[in-house]
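Please read through the structure below; I'll follow up with questions.
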Amino acid sequence: MSAALGRLLAEPQVSSWLNVHAPVTLSALRGRVVMIVTFQMLCPGCVAHALPQAQRVARSFAASEVAVVGLHTVFEHHAAMQEVSLRAFLHEYRIAFPVAIDQPGSGAIPCSMQAYGLRGTPSLLLIDRDGILRAHHFGEVPDLVLGAEIAGLMAQNGVRRTSEDSAMSASGREASACVRPPAD
Amino acid sequence: MSAALGRLLAEPQVSSWLNVHAPVTLSALRGRVVMIVTFQMLCPGCVAHALPQAQRVARSFAASEVAVVGLHTVFEHHAAMQEVSLRAFLHEYRIAFPVAIDQPGSGAIPCSMQAYGLRGTPSLLLIDRDGILRAHHFGEVPDLVLGAEIAGLMAQNGVRRTSEDSAMSASGREASACVRPPAD
Amino acid sequence: MSAALGRLLAEPQVSSWLNVHAPVTLSALRGRVVMIVTFQMLCPGCVAHALPQAQRVARSFAASEVAVVGLHTVFEHHAAMQEVSLRAFLHEYRIAFPVAIDQPGSGAIPCSMQAYGLRGTPSLLLIDRDGILRAHHFGEVPDLVLGAEIAGLMAQNGVRRTSEDSAMSASGREASACVRPPAD
Amino acid sequence: MSAALGRLLAEPQVSSWLNVHAPVTLSALRGRVVMIVTFQMLCPGCVAHALPQAQRVARSFAASEVAVVGLHTVFEHHAAMQEVSLRAFLHEYRIAFPVAIDQPGSGAIPCSMQAYGLRGTPSLLLIDRDGILRAHHFGEVPDLVLGAEIAGLMAQNGVRRTSEDSAMSASGREASACVRPPAD
């Protein structure tokens, strides 16, 4: 199953957060457009395109309007991309936005990646001011298109969630294969 | 004097139109966002950046929503960039959107360039659905920013012009140094 | 017919030279490696790749070792690419090496283009220190390959031409369809 | 101290080799030009420029003429760039030439990096057919220049080393701070 466009996006399931003092939640970002860039530090397309693009987004829009969040969804070469390597990677590539490490799952696919139905890396999720998933891209997205999508969402006034939305969100979250983090 | 942000943009003064059967007017484009890319065919920054970007805009947005118009504002090397050369240039670079040739002025600067207060090429003007000038850039504009600006204007509902706007437009046009084309 | 690899390259047939005070001849360049970049000023691949590459060659090698010469071989849109336009083009793109305008032929193809058997633009000819044609490329050539080819020729010691070579050169020149410029 | 231009380059001190069945030695590559690209897998300039360039070199020249060898000289973030991560990196970036892992030293700088006097990554060493160091670059090298340097070395006929060269090589090796691998 996959995160549905037009529905509240469930919170990512995260084993740790980098570049921030405290965990980030999507609910705390309500009121802003949120761009989630999902990547692997050893994925060439992520390094060459998606992450530099995310840095441009972070630089080009006011942080009070658009939040950029990274999600490190390792689904291959797990031993090669541990937190210590990711930390050095973020430092060397000067990636300063918050980055979540996707909660390892029971198989190769980590939890948020599974819950969100991501096909691979890089994937890009756009969430509106109300937390609703509005775009889901796999692979390279042109800057012109991405800029337009972000601005289209910025132009929407946030509307308070209805109880239906909340229910939807909860159900989305429970349906995921990874609700409970491993004991470690 | 220069075209003012927030005011109706006067029609360009054009000696001929290429890539179209009949002249284009901004008033006929009301209801769409309009991007005017002003260029010279021998300006390296125009060829390398502004014109490919304009082609991406034309490809990326529905023509019913966003109109791309070129304006060839030759202010140097006039003999080198005559219509016959421009036609071949547009053909070779596969530029298919309408291109206006700016009306030659009494000096080196052509009429629309003077009326719009352009500083050089490439310059880029963005007009909202009501014909109001909303952005004026000189030089290279990042795709991310341009995409956002266009989408921001797309998100606005067109509002009918008031009689004040019309008056403004007329006065803007008369104030230009180039209303009457030179005799030659 | 076409210029043969391993044979002396005939002098180009030139209607005028730009960027120099006096005509350039290949024979006067004996002792140096010569790179001839043939182009049309409105050919996108020439503007984007071949000419910037030729400028890099001119910057990267000592002028006493490697001579870069442009040859403007207009075979389409002739009216669009007259000398006045080419002059402005060279100025705007800061092309400082000598550029020859290929002698117009009886048809669309100019004389040197025909004599050299060029397939289109950009084409690139490499001549060794003795004036012998050693490489003939049509289209884009990677810098790595070009750098290697030039250095390979630089590493050869020039050998004095034999009388046989001279005869070959003369016969090559006479065989061309374009020795005499058209009357117009 | 640093490897001297014009002198035999000492063999690298290597903790393990990747992409090969058996260790590579420079002496076994005598007769070919050798390009050593020294890098760190998390060095942005290496990933964006030096390694793709090394791949182009490997593709553009016959393997019997030019050998490309990588040397992973980790001098920072050591825990982040262990062999398991490097292996995944090479796989993902499709780097197929032999890669040596520089022998860890007593401090942060690994042994070959110290012995060769490298200033950082990427660095590039060119060795002639006789094993003599002929070029040492730190940072980005244009393809045109690199292609020319390689071809210049290819054009040299290999000359048998004299006993003086051999002595030099031995002394160079002993002078290094890292002959003995650390105990760990």
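Chains: A, B, C and D, in written order; residue numbering restarts at 1 for each.
Basically, a residue touches a chain if its C-beta (ideal position, glycine included) is under 8 Å from a C-beta of that chain, and two chains touch if they have at least 3 such contacts.
Since we're looking at a predicted model, the values are computed, not measured.
S.K.: Of the other chains, whose C-alpha centre is the longest way from the centre of chain A?
M.R.: The chain farthest from chain A, judged by C-alpha centres, is C.
S.K.: Taking the mean of the C-alpha atoms as each chain's centre, how many Å separate chain B from chain D?
M.R.: 54
S.K.: In whole angstrom, what separates the CA-based centres of chain A and chain B?
M.R.: About 39 Å, centre to centre.
S.K.: Among the residues of chain A, which are close enough to touch at least two other chains?
M.R.: Residues of chain A touching two or more partner chains: there are none.
S.K.: Taking the touch definition from the header, please name the shape of the chain graph: line, ring, star, complete or other.
M.R.: Graph shape here is a ring: one loop, exactly two partners per chain.
S.K.: Going by the touch rule stated at the top, which chains touch which?
M.R.: Here the touching chain pairs work out to A-B, A-D, B-C, C-D.
S.K.: Provide the residue numbers of chain A that touch chain B in the complex, in ascending order.
M.R.: Where chain A meets chain B, its residues are 53, 56-57, 60-61, 142-152, 154-156.
S.K.: Could you please specify the touching residues of chain A with respect to chain D in the complex?
M.R.: That would be residues 42-44, 47-48, 76-77, 79-81, 84-85, 87-89, 91-93 of chain A.
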